[in-house]
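These are the structures, in structure tokens.
Two complexes come next, and they have one chain in common, chain A, joined by chain B in the first and chain C in the second.
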Partner chain A sequence: MSDAYGFYTDTTVCIGCKACQVACHQWNELPAELEQQPSEHGPGQTRPMTGNSYDNTGSFSDVNWRHVKFIEKSDIPAVGTTPASVSHSPQDPNRDNLQWLMMSDVCKHCVNAPCLEVCPTGAIIRTEFDSVYIQEPVCNGCRNCVGACPFGVIHMGGSGNAGQGTAKKCTLCYDRMQHGLTPACAQACPTESIQFGKIIDLKVRAEQRVKDLHDLGFPQAQLYGADTKILGGLNSFYLLMDQPEVYGLPSNPKLPSRAVIPSTLFSMGSALLVALGALFAFRKKRMDEFATDPAAKER
Partner chain B sequence: MGITASPNWQGWLIAYFFFGGIAAGAYFIAGLLELIGSERDREIARGAYYLAFPLLVLCSLFLIADLHRPERFWHMLIQSDTFWPMFKYWSPMSVGSWILSAFGAASFVSFADALAEDGRFGLGRLGSWARMMRLSPAGKLFAVLEMLAAYGLAAYTGVLLSATNVPFWSNTNLLGALFMASAASTGIAALILIMGRRVAHDSLAKLETADTLAMALELVVMIGFVASLGSLASRFVTNKYGLIMLIGTGGAGLVLPLILRLLPKSWGQNAAVVSALLVLVGGLLLRYGILNAGQSLTIRVD
Partner chain C sequence: MKTEVFFLPAAAVPEGAGSFTNTQRLLQKHEKAVDPPDDARTDLWFTYKLGVRLKELYQNSSVPHDGGIKALTWSYIDPEENKPWRIKDEPSSELVMREINGYTVADKKVVKGFGDLKDDGTTACGVWIYSGIYAPTTDHPDGFNRAAARTPGQIISPNWGFAWPANRHILYNRASADPAGNPWSERKKLVYWDANAPATDPQGKPTKGKWVGIEGEVPDFIVTKAPTTPANPKGVGLDYHSGADPFIMKADGKGWLFAPQGLTDGPLPTHYEPYESPVENMLYTKAGRNPVAKLYDNVPGNAYSPPGNPDYPIILSTYRLTEHHLSGSMSRWLPWLAELQPELFVEISPELAHEKGIGNTQLVNIKTPRATIQAKALVTKRIRPFVIGGKTIHQVGMPWHWGYKGIAHGAVVNDLSALVGDPNVNIHEAKVFVCQIEKA
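Let's turn to the complex of A and B:
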């Protein structure tokens, strides 16, 4: 769509500074989760390390709508060669042969959004910018969207959170966009890894960048979600330097509604067999009664 | 795989799936008996009516309690901004909300009918009118609607689980079929338990035959379900909750009671009661196992 807005994230220039996470927390007034984090140093201290590279966010949550991932890769391929089999083993203890893949993950604002599809209250809507937005006053906390999202984006708002008990995720800064502002994360990104704009413009830019990277000797550079293969296209798409799975992204996420017709047909078959079985049980015994009961015969 | 977050559907929903299945299974059989059963078998249908509506009320309460914003439960049926009906035929939960309402309405009518027939709560004077209605073409049509509502309630929950991105659930199209078969086996088992001493011996034998067939179907669908998981089948059979379902439901809840049914009749009433109880426990473990197996492979934040 020509009026679709979104993000193009060029992971090759991400430096893992987490300015996007900070900007997101500030603009959306998301609490820092400190009180929820047990700390050996007492309450109010910084949260403990996850032990997973520089990632101390861990995953998306009700207050973490952005999550900078740090993927540590050993066996760095020499420039100009394709990594035949990249090992994704845990960190190289000496860190002397290590490469980071960094990626600022966020809601993909899918063109065919699984969360929006299943939402039974109509709380999840598509905005005039083609982004996917959860209307907090409508959501009743059924959590169908949580299990529908193939990216683990949506989480339920806990206590101490505005809109407690409702589904939470990136809004693409809907409030900022309605006033012509760039989303906070893209505004804060110091390397322009997160770029915001019209999807058609971003795609042109991304395709050129992939071409340049291929020419520079990085044949593994690829776009994720820029075409319609993944859920009809992602309005937050990525330039990756390895397979999607390496970044913890599903290569073939499923649209929930795809299961409805086949599952319903199978369940109908099951119901039919149950009915036939019961029919057999009750009819058969009636015939037996008829055969053995002389009084019934006379009737 | 494994980056879907957990919807955290736990106790309330396991209880709902279980009791909703019993209500649906019993009501399905009742509708069928209205259409093809003899007058003597109607006793069974009446037992199902006394079971279905109260269980449905209980289930609705479970569902509301499960919501994180229970006071907004009505948003499932009515759009909160326009007050128009809320319906998405492609979303199983939305369809299910309407199925639940339809089942509630139908089972309420049947419940009142059973009360009228038994002359309770002063409804006795409606008894003859209710009987007339029941035997009329409208009554037969209503019996078909009973079966449709019961089928919907039994099956939609399985379809709902498959319409997600949760591992196991979304890798099969057989959960609706499995839940339908389990609804029938547990619904009939519940009828055997509550009706056992009240109905004629031959009626009970018919119920047992119907239950045995439903259990055999459930066993076959369960094997089909594991096979349909494809490359995830080995992960399911080594998953703690997968094993609970296979051993608890498949073994103790289906194979064992099937063997008990084959035992000599001298075991009599006790074998019938024990096997019905085993089927019910198996039905509960089926819901527990399926719900937790899928969610055990998801990300949990809280």
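Let's turn to the complex of A and C:
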């Protein structure tokens, strides 16, 4: 295999412009998610706003392979959840701890990819660039990968698989990469928050950036997925300014195969317990019969 | 004079070729991407047709003062350029740019720059500041449109677009060198005096020493005027300046901290509250609001709220969103952009939302002395109330760009704003004004 390629996303310089989402839609010819698509009869109609900061697409979907998250993090509780505890003093110093975090989320192209592991048809493959790619004509729509992905990346959609839809996600612009082009999102990113390149080079750059941020007085700066701890490493790794959970990322996701031995043992153990329970139950029944039926004693 | 207003079906920017100029004076060409639909045409097309009709109207006139229109050069059609398109009578912006650059009347050859222009009628030029944009080169003896040049550089990029005047990318760049002509900092070297460089003075005589720019940056200074040149107190124009006066467009050649003349206000900057404010002006209590602001009190529906008016106690600040372009008239029709900001909203602090009983995404009425509109609430801790003089004063924020048509549509925030102009150039002051909000 040649070198591994992927993304290093520096969330500190993300400005939330969503140019990556639009570029992804455009290159991959993905439609917007509207209440009513434009037609000759009308201009179309958007879905209602979510009210969750400036995020109006909400999550990944079959047509949203990129998703820019807007996280308004502060020490005071969210409005509406506990109205009584809302601070009414604008001078509350906790207000100053407000952070508006932005992060362009995408498929992580995991080195040990759970989706690839559970795919029964071999539709999900590892490319020569070490990216994880869904061959849609081979997908039988079983949805195993949807549940296996710890990041909620994969969704079903499209007209493949005899109209039943196939698994959809970021291709790392496999078609562009085969022609030596940068993925559309990274090319569109105006602040170089999304950087594309050889993983080995990106890691050097990311580690230097973390060091610089630490030196500037941001000890919370950390890399996510740059080492092998998370699923053998993520070929789309992140520089975060808080714990992964703040960004909605799992701090310790597991491969489905890791659950095979413990769950086998657990199943065996529970089977044993059921068997023992049954034995004891029958034994108790016989004992009870002895206790209540004098005739049984005589037998 | 009686006037009549015509609505013309305007083409959008990508539907015609042309150039745009940004605030650093850089002209960049944009190509035509697609024909405009139906009867829509470019501004250039309408202007060209108007000229053609005027010339037709006056062609048989024998009145001397109509001679100007009769003699007007007005041929801008290049059939070759229009070949790929449906619209065959679109004027060529290239030919217009060539004329703006200037040429010698006798042989129609493009001039190198405004230095070649003469006031004896032998040369013609559309506007001197753009002269040189179509200058000839060895490769293009008939000139080429530098607005279309796309060679990136390191710092200045002189071969990317054309910066007016004379492709000077940084104005007054002689100020990047100290009075003696040496760079203030080697790291930030831009334009400096090279005492040993062979040069030619304005009279055409060979001399030594000239101003040099890195990466081809054009010095904004007389190239052979040495830093040691003394000022001539009786000189006119640039002769009045010494070789150490970089600000050549100023009368004295110096940089100014304040403008002693020409402004309605000034000379020093100061602070006034916006024309509509929930508080009185602390700095000038007697003057109150800006006494020289341009007001439109006689315009119907443009009532102003006085400072501290309890009916409109909330500050309304306005801004733009990255998903929209200008008024949104183009971007709100694009599904990929419309879905990202689907509805007009008003950003409200949790404190104000609590006070008014407004929940996130609930409809809100926003009222000013001009109008009342509706928008959904976006309750966010990013909006923080002020405490001014011990009193809590709330602010809300609203983005521009919605309108009644498009995939994403909503109320027009400009219905709320007040018409107030700044005293010098009439820039719309009312980006911020006062309002009252309530649950709809």
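Throughout what follows, the second predicted complex is superposed on the first by the 222 of 299 C-alpha atoms of A that agree within 3 Å, B and C clash if a C-alpha of one lies under 4 Å from a C-alpha of the other, contacts with A are read in each partner's own complex, and residues count from 1 in each chain.
Everything below uses one rule, namely that a residue touches a chain if its C-beta (ideal position, glycine included) is under 8 Å from a C-beta of that chain, and two chains touch if they have at least 3 such contacts.
The shown structure was predicted, so the numbers you read here are calculated from the model rather than taken from an experiment.
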item	value
Partner chain in contact with A:Val22 - chain B first, chain C second, else both or neither	second
Partner chain(s) touched by A:Asp242 [first = chain B, second = chain C, both, neither]	neither
Partner chain(s) touched by A:Asp10 [first = chain B, second = chain C, both, neither]	neither
Touching partner for A:Phe151 - first (chain B), second (chain C), both, neither	first
First, second, both or neither for A:Thr57, with chain B first and chain C second	second
First (chain B), second (chain C), both or neither touched by A:Asp130	neither
Greater residue coverage of chain A in the superposed arrangement, chain B or chain C	B
Partner chain(s) touched by A:Ser263 [first = chain B, second = chain C, both, neither]	first
Chain A to chain C touching residues, read off their complex	15-19, 21-22, 25-26, 31-34, 37-38, 43-51, 53-54, 56-57, 72, 74, 76, 79-80, 83, 86-88, 90-91, 95, 98, 100
Complex contact set, residues of chain A against chain B	58-62, 114, 117-123, 137-144, 146-158, 164-166, 248-250, 253-254, 256-260, 262-264, 266-271, 273-275, 277-286, 289
Residues on chain C engaged by chain A in the complex (per definition of touch)	321-323, 333, 335-343, 345, 349-351, 353-354, 359-361, 376, 378-382, 384-387, 392, 405-408
Contact set on chain B toward chain A in their complex	1, 3-9, 28-29, 32-33, 36-38, 41, 66-70, 72-73, 75-76, 79-81, 86, 88, 90-94, 96-97, 147, 151, 154-155, 158-160, 162-166, 169-170, 173-181, 184, 202, 205-207, 209-210, 213-214, 217, 221, 298-299, 301-302
